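Shared chain: chain A. Partners: chain B in the first complex, chain C in the second.
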Partner chain A sequence: MSVNDVFLQLVTGLQLGAIYALIALGLTLIFGTLGVVNFAHGALYVIAIYAAVVIGGQIGFWAAVILVPLLLFVVGILMERGIIQYFYDRPHTDQILVTFGLALVIEEGAKAIFGANNIPYPIPDWGTGQMLFYGTGATIPGVPRFEEMPQVWMPFIEGMLFYPSWRIILIAVSFLAIGGLFALLQFTRFGLVVRAGMRDSEMLRFLGINITARFAIVFGLGALIAGIAGVFGGPITQVTPDVGMHLLVPSFLVVVIGGMGSLPGALLSAMLLGMALSFSAEYSAVQQIVIYLVAVVVLLVRPRGLMGKKGVLE
Partner chain B sequence: MSATAENAAAAGAGQNQAFLSCRDMHAYYGESYIVQGMSFDVPEGGIMALLGRNGAGKTTTLRTIARAHEPTLKQGEIWLAGQPLHKMNANKAARAGVQLVPEDRRIIPGITVEENLIVAQVAPGTGWSIEEVYEHFPRLAERRRQDAVTLSGGEQQMLAVARAMAREVKLLLLDEPYEGLAPQIVQEIERIVEHVKSLGITTVMVEQNAIAALRLADTAVIVDMGEVAYQGDAQEVLDNKELREEYLAV
Partner chain C sequence: MSTEYRPHSWPREGIVLGVFAVVVFAMPWWLTWIGGYEALATKIVIWAIFALGFDILLGFTGYLSFGHAAFFGTSGYVAGLMFLHYSESIIPALLACLVVSIVLALVLGFLTLRRTGIYFAILTLAFAQMLHAAALSIFQEWTGGDNGLTMSAQPNLFGLPMDGLNVFYLAAVLVVIGFAMARQIRRSPLGLMLRSIKENQMRLEYTGVNVMAYKMTAYLISAIYAGTAGWLMVVYEPYVATKFLHWSTSGEVVIMSVIGGVNTLIGPMIGAAFMMYFENVVQSEIGELWKLVLGAIFVLIVIFLPGGFVDGYNRVRKVLGQKVPSRRHNVPDSPESMRKLRERGRTAEAGRTD
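Now for the complex of A and B:
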């Protein structure tokens, strides 16, 4: 494998990992606070991509960037307050059934409105091209097609190579969103209360905090992140009603591998899975099962996942 | 004034105007019937020792008063200074002035000592400022930036009490505050409890070490199988060997 191949596969791994991370962080955040495995989380992504297509097509892409995450925040809070809150005292199986049922309703609803096939996503012009990476000794041909591309110089690259701009944008936006989420949790009072609540929600109630209300906001935040994933991930994952389910399974594995309820764990394991998928792409037989292989190996060595804490889901 | 009148009315004619008044409490863990019709009063500013054997229902009683989600109070009333605690959930009760210092201390792991105190001051109704807490507990000041789980047992107990005092407390519920602590630390906690009393705060204290609790307390309630077996002066329990042998094994 040449240096260029390794670089391309690293970037692809990051891009795959970024989408899984956005979905898995929402899942693990909701699980860590509310103790619910939200099987409707993939369906939130479905709502987001269709909302992005509609709003992007009607008003414009930047409107979708702002409105879709906000819409998903509201949808998340309505979902939690309207349905899921009534299942906290019920067995996990009931929670799985109700969230899975919700996912099916949303998927079928999308199918009824938009059909089962992929519909085109209106990517803005500036996001449609390629990005050019070049190394020492590379001479960029004096053709306008090349000169107008966004260009990045990387000393280790041999000659030059191209990568779709939109995927780079997706990686950048994902890391911004993830950074924002971590900053919110780490550096704000709201974040402190949520982190404390993840460890001992009852004690926070004894200290006068209405932790239920904050956890509903957390649910909304998880949905908001799925909204960001939908706006930027739609063109890559396709816009179909069943894409939510396709994302949910690997994202759930990401959560388990990372350790249920652990945000850094989810991020780490999303990247691990992204890389595993990317570097096994040449061997399609392996790629089909590679995420399960990673899951088996990690869970054999660390039954609580990479960064799982004692007592969670035990 | 009207609050006190309401309290007296709720407690029934002829009752004293207790600060904390528990009337015929019945509380369940799921199907398990644990608190079986307990009634007792605590006068304002006093210390009440809540005693009884292992599994008698002391912790359950405190959790019922603090309005924990479990046990569920299926019948009965709890009044604190005219406020109906029985109609509240845990966070409302806390804002009404109830502070439970649980038996396993429940220091929040993964955040610092100071963050444990900050969390106590998020909801409206705060008491000691963080600086005041540190004046009373210099040891916590030294360790303010440490992860709270790195504290020793005694320090964790101090943090648990400090965290309660960081809120505006009317009723302090202490569940086995001396458990597992060295005699020196026990003395330190005793001094704090006395200081809390000097501030006019009402305390209910559950303690395995009945003698130690009774020395501090004004009144005592002995629980047996979820019922009140004795209610009266703390001194009387200290003097009554039979009572102590029957219910406290001391």
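Now for the complex of A and C:
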């Protein structure tokens, strides 16, 4: 495997991991604070991609970038206040059942409105092309096709490499969103309260903090991240009603491998799975099941997940 | 919740099973009165077997598996391969399906049963999807990939061709046997253990019970039911679809159990009938919207009627002022029932359960 191949597969792994991380972070955030496993999280992603297609097609892409996450934030809060809050006192299995039912309703609703087939996603012009990576000593041909491409110099690359711009944009946006989320939780008073709530929400209530309102916002935040994932991930994952469930299963594995309720763990395991998928691409038969194999190995060696803490869900 | 403890009696057991058998065997006739067709009865009974086994796991132990398609689908493939390459007789295929289901349940159970609740649901879902992905990739040579497996010849039982009503009678006999067995398990010490896992697994462990062995037993039993259903499905329709392994199959059996009424044995079977009726008869009325409507019904039942149809029926009876018998099958649970037991001179036994 040459340096170029390794570089390409690293970037692909980052891109796959980025989408999983966005979905899984929302899942694990909601799980860690509210104790709810949201089977409808993939369905939130479905809402986001269809909203992005509609808003992007009618108004424009930038409108979608701003409006879709906001819309999902509202949807998330409505979902939590309207249904999920009545399930905190009921068994975990009931929470799974109701969110699974919601996922079905949303998926079938999308199918009834937009049909079961992939519909085209209006990518803005600046995102459609390829990105050019070149190493030292590479001579880029002086034709417009090459000169118009965004060019990045990477000293270790031999010659030239092309990679779809949109995927690079997705990686950048994902890491911005992930960084933003971690900053919000780490450096703000709101984040402090939420993190304390993840540890011991009862104690927080004793201290007179309205944790209920904040947890509703956390649910909204999880949905908002799914919204960001939908706007930028839609062109890559396809725009179909069942894409939510396709993403949900690997995202669950990400959460479980990372350790339930651990945000750094989710990020780490998303990247691990992304890389595993990317580097097994040569053996396409194995690639289909490689994430499950990783999951089996991790769970046998570390049943709590990579960064799972003792006492969570036991 | 319960008002009276009803002790077990064999005559009553016989009446229950007799009525059940009559209703099941007459299904091809009464189903046509309400817009169904004969072949639908076969489908209903096959799914009823699947849902019945699922209730032994979910209803008794409270372990919600989202991956029971693994057993149903794998059995389907094994049956299909047996019909294609070994013999068109259904008996060797059944034996192979049972062996494979048991082995698969041991492996998956070892990996998933160590965790409870949410973890269990997620892990079973993931490993079933792994089998689905594997059937489409590394096992493609045997499973036919996306095309599935198609059998040319009709399977037979000792020369009797298995088509039309013959399959139905086979399935009906099996569902009656399965129902009788499930009822026996429910009132046996094993059933009591499984239900105490649901109540408080930790306390059970502290008393020195090998909880893992009991959980595995329940998992194995439900896998055997699911495997039998998968085998019957391929006997009924000589085609193995990749959908048999897909998560939506697992989801369907979950939906059936919940809308019918978990932990009632009869409920999941009613749920299976309801869902198949919906999928095949109501679909012709409202088209593809049936899934949306069914999903909405499912959500409403989870929110407002967690006990499903059976619970709804009991609530109606309570409103009408009827006595609803206890749902706890071998635990005397109300003061009156304890007193009655003492009156029967079983004080010592009742005292022990205190």
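What we mean here is this: the second predicted complex is superposed on the first by the 314 of 314 C-alpha atoms of A that agree within 3 Å, B and C clash if a C-alpha of one lies under 4 Å from a C-alpha of the other, contacts with A are read in each partner's own complex, and residues count from 1 in each chain.
Here is the rule we use: a contact is a pair of C-beta atoms (placed from the backbone, for glycine too) under 8 Å apart; a residue touches a chain by one contact, two chains touch by 3 or more.
All figures in this text were calculated on a predicted structure; none of them were measured in a lab.
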Requested in this report: Have a look at where A:37 lands relative to chain B and chain C in the superposition and call it first, second, both or neither.
Outcome: second
Query raised in the report: Which partner does A:86 reach: the first (chain B), the second (chain C), both, or neither?
Result: second
Query raised in the report: First (chain B), second (chain C), both or neither: which does A:111 touch?
Result: second
**Report entry** Touched partner set for A:254, first chain B, second chain C, both or neither
**Finding:** neither
Report task. Answer with first, second, both or neither: which of chain B and chain C does A:298 touch in the superposed model? Result -> neither
**Report entry** Residues of chain A touched, compared between chain B and chain C (which is higher)
**Finding:** C
Query raised in the report: Touching A:218 in the superposition: chain B (first), chain C (second), both, neither?
Result: neither
Query - Common interface positions of chain A, toward chain B and toward chain C - result: none
Query raised in the report: What does chain C use to touch chain A in their complex?
Result: 58, 62, 64, 66, 111, 114-119, 121-123, 125-127, 129-130, 133-134, 136-138, 140, 247, 251, 254-255, 258, 288-289, 291-292, 294-296, 298-299, 302-303, 306
Report summary line: The answer for chain B against chain A in the complex is residues 66, 68-69, 89-91, 94-95, 99-100, 102, 106, 108-111, 115-116, 118-120, 122-125, 163, 167
Report task. In the complex, go through chain A and note every residue touching chain C. Result -> 31, 37, 83, 86, 90-94, 96-98, 100-102, 104-105, 108-109, 111-112, 245, 249, 252-253, 255-256, 260, 284-289, 292, 295-296, 299-300, 303, 313
Query - Residues of chain A touching chain B in the complex - result: 189, 192-193, 195-196, 199-200, 202-211
